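Should a chain be cited, it is by its letter among A, B and C, assigned in written order, with residues numbered from 1 in that chain.
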Amino acid sequence: MDFLRILEQALGELIAPTTAAYALAAIGLNLHFGYTGLLNMGQAGFMLLGAYGFAISTIAGAPFFVALLVAIIAGALFALLLGIPTLKLRGDYLAIVTISAAEIIRMVGRSTVFNEQTGGSSGLTGNSFKETFLGLSPLPDGRSAIGPLEYLNNGSDSWWVRIVAWSVVLIAVLLVWLLTRSPWGRVLKGIREDEDAVRSLGKNVYAYKMQALILGGVAGSVAGVLFVLPRAVQPDSMGRSMTFFIWTILLLGGAATVWGPVIGSMIFFSVYMLLRAGMRSALPDAVSSAQIEQIGGMLVGITLMCLVIFRPQGIFGDKKELSFNVR
Amino acid sequence: MSDDTTTETTVDPVKLDLSHVEATPGSPKPTSILTVDNVRRRFGGMTAVDVDHLEVEAKAITALIGPNGAGKTTFFNLLTGFDVPDQGSWTFEGHSLGGKPAAKVARAGMVRTFQLTKALSRLTVMDNMRLAARNHPGENMFASLVPPLWRRREVEVTDKASEILERFNLLAKADDFAGSLSGGQRKLLEMARALMTDPTMIMLDEPMAGVNPALVQSLLGHIQALRDEGMTVLFVEHDMHAVRHVSDWVVVMAEGRIVAEGPPESVMNDQAVIDAYLGAHHDTDLGDDSLLDPAILARLEEEEKKR
Amino acid sequence: MTADRGKTTIRRSLAALMLSGLAALAAAPALATTPTSVATATSTCTPDTETACIGVLVLDPENNRIADADIEITGPEGFSEIVTTTDDGLSAVAVTETGKYVASLDATTLPDGEELGEGAETEITVTAQMGGTARAAFRIGEDTAVAPSETASSTGEGGLDGDGSTPAASSGGLKADQVWTQIGSGLRFGLLLALASVGLSLIYGTTKLSSFSHGEQVTLGAMLAYVTMNVMGMPIWLGAIVTIALCAATGWIQDAGIWKPLRKRGTPVVQLMIVTIGLSIALQYFIQLAIGAGTQRIITSNPETWSLGPFTLTRASWVSMVIALVVLLAVAWFLTRTRIGQATRAVSDNTALASATGIDPNKIIRIVWVLAAGLAGLAGMLLGMVFGSFNWMMGMQMLLLMFAAVTLGGLGTAFGALVGSLVIGMVVELSNLFIPSDLRYASALLILILVLVFRPQGLLGRAERIG
């Protein structure tokens, strides 16, 4: 594996569908944490629910957009369900409830009880729910290359998936940009700073928090759909580690910034790839590929720690508008 | 109205009204804007608030004083919907507000500030002000996506905010983050922000606490100006000099109860008041007892360190 | 003396627990149901940078591929999947975690007339790597052989990940001894959980920090016990002392190196919480790097059961319970009867007030970190022994149960954490009787959410004062 090939792989990660899915999930989390101060520790749960909603309804015969709607509604309902008991309580309760609820979704999903619907721990194979999405592609069959990046036009790991995924991300960025510059976004930021103050000014804080939770949750569930389109629905691959990676991405790019989640995701995945591919080619004999994964994971953890300690505003965040409440 | 024969050219109608009120706890007022009945709040075994009856005169400045732990702030929290009483009811401008959430209380026209200022640090001063405006269509999630629907209101709100900021000498700081303000400026901002909601009654929780003495005079001036505009002011305060200077009526709380009320000149000499204070802190200057509480002290110190 | 007795009993009691070890347990939920209801994956798998494939095939003596045999693949992250072979190619399954996977052939699904040969392998361990396909090929022969059943297990020993032995609701009708067994297991799990959660609760109480890395502190205990007792061959008592001392030291180092400096900077607690998440990720992968992704046994010897009244548990379990009980009582004594303990509670109540009365909160918090890390290490060590084996995920799975226990009892109250742990332990084990065992942790988390809805201050907590 030569240097050019490693660079090429890292470049590919920049526009990979997975990068887009994580970016969208981080955009949702940004609405939660960055703008409203909600500690959602279960974003992967929203994603898994969206993925299940989309895949199961497609398998049941729903057309693409109906299945997508099911995913969106699933995310919204999940947010509502979690929000009702917790949004009136202290912030860390939401953290504990969301992380627990996400785990419950995963456990129920992989449980043998719902085997017929969810496929248990083996999940749902991509081919079982991909057809409707791939059918929408206007692209001719074949392969296309832009620069060094060459993919199939249609298929799991294709230009079509990339185009759709990044379009969705761009729409989400636009929406967040509009929302957070508006008076509505101002109320959210006020809540992030001090919800009692906002309450004392006559705003229904609960309703705003709920709106933010639902909106970010829907972003998460759509991200879940994007995440599974190029692969399968695997409950165990959408657990807590995923949530933590999304947090790392958000804080890397800078919470409470419009582009932070997108840039964070691109940097995260390309650097992660560079690191692993670099280690693999530099020390092909000294370490096994499993060990490379583990060292990579350790570096992610250490990066997250250092980021939060030394640069809490993220790489591109404004020092004055830190992502954390400094008081 | 100037049928009075003293040297003052006008006699304040509110002062005149209050001069006929009996100085006993729970006495009825001629034009009561806030009427409280049988409000109790217990924490564990301790009764923090136990108020049988209280009326607050409209368009007057009423000070709520009392030693530490008297339950003043808890009482404030109850009235403004930040805490829920075990029992009790109260009406504001004739409408029952008992058990209503804080936001509804504020929308009813009763707006409060906090003892430890709650400036929204990472919003600009101007955004702090704009946020407080009422009836802003842009605060609806869907409408917020279409700026033409709310741009006009935003301009109105900004104009009004500039006006108020000007008055509070904060206009120069409009684009700074609120977190960069000094403690006194934060207090001012909080008061200015409360005004953005067009309140009929403003509740100030220790507006003078932790404020640079140079600013105290200007704060007092603002409070008096509010009253002159026809607003009702109820404030919790420790600083007796400030209370004496500015208030029309003083209500004294001790151990959760209202032990005395009356005009500031006479109530300070009331035996119940002296007992209440001396009972709590024998050797304390009445003006500074807040500094005795180590929790508050530590908090203030911490705040200072951050700056 | 306790340690001596513990040594012999634990030695004798643990080997049979191997079968209820984590890997086998992860497989169990699927095996517990009838094979026909289990989803099968016959899709082919294309390895890429994020996917590794594990392919399986069954060959007869003439190297013909045998179709329709079920092979279960289990591995890290609780991975478990059943693959059915085909006669025209490699049946593969995609995995997203690298590491060791165990493929086990279910001999009962072999076509009629095809049987395993004498001594034929039914389990093959393969290592999955990203971008590659690992193969597991089973040979069947002409000789008669009986396939060992994977589900055979010891008496009601619940594992940490899934469950190997306890019959689920399908067994029909609750038997009294079954209920007693579950109660015993619940008590045991609750006590061990309490060891870990008391520390979490103390940390929360004194610093208001929900430490997400506390789970890894538990795994660390099991890992160090494995390293000292198994790899280095220390006697149990020495290994235990070294383990707990090292774990407690990690608490000291953490507080000195990370938490105290951050406290001094006045770092907000949310920020600290995310630092603990980073630490948790880093530790998880460090532990994987150190002991591998597979399951490990701390001690390998035959378990022996003791009966006391209606309860039958392994000796390791009994000894662990006694140790847990003694340590918990000691902690209770420490918190209520000693000066430092009382100071700890004072700091929990009101840090500013405590420091104004001459208590140094930093000193207390240091002690709390050391104590919490030590207790978590002890809990991890005991859990690893009681459950027979452990893997790098053990603490991660425990963490949410700890949160549940701490929240249930009332955030920040150490005694609440104890009560909450016992409740959670019972719920987890008793729910086995009514719902499929792979949902038993979900039931505990559901209870957590319900408690938050109806009694947010927890069972023992007081409603908090606002403003």
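The criterion applied here is as follows: a residue touches a chain if its C-beta (ideal position, glycine included) is under 8 Å from a C-beta of that chain, and two chains touch if they have at least 3 such contacts.
Please read these numbers as outputs of a predicted model, since none were measured by experiment.
Centroid analysis (C-alpha atoms only) places C farthest from chain B. C-beta contact counts were set side by side for A-C and A-B; A-C has more.
Chain B and chain C have Cα centroids separated by 54 Å.
One inter-chain figure worth recording: chain A and chain C are separated by 27 Å, centre to centre, where each centre is the mean of the chain's CA atoms. If each chain is reduced to the centroid of its CA atoms, chain A and chain B end up 45 Å from each other. Multi-chain contact residues, meaning those touching two or more other chains, occur in chain B at positions 82, 114, 306. Annotation for chain C: residues touching 2 or more other chains are 266, 467. Across the assembly, chain A contributes residues 196, 325-327 that each touch 2 or more other chains. Across the complex, chain A is touched by residues 29-30, 32-33, 37-41, 43, 48-51, 77-82, 93-94, 96-99, 127, 129-132, 210, 258, 262, 266-268, 270-271, 273-275, 277-286, 288-289, 293, 396, 400, 403-404, 407, 411, 436, 438-439, 441-442, 445-446, 448-449, 452-453, 456, 467 of chain C.
Against chain B, the residues of chain A that register as touching in their complex are 175, 178-179, 182-187, 189-190, 192-194, 196-205, 211, 215, 320-322, 325-327. Here chain B touches chain A in the complex through residues 80, 82, 101-104, 106-107, 111-114, 118-123, 127-128, 130-132, 134, 136, 138-141, 143-145, 147, 150, 154, 177, 179, 190, 193-194, 196-197, 306, going by the rule given at the top.
Those residues of chain A lying in contact with chain C across their complex are 9, 18, 39, 85-86, 89, 91-93, 95-97, 99-101, 103-104, 107-108, 110-113, 115-116, 119-122, 125, 127, 157, 196, 231-232, 234, 236-237, 239-241, 244, 247-248, 251, 273, 288-291, 293-298, 300-309, 312, 324-327.
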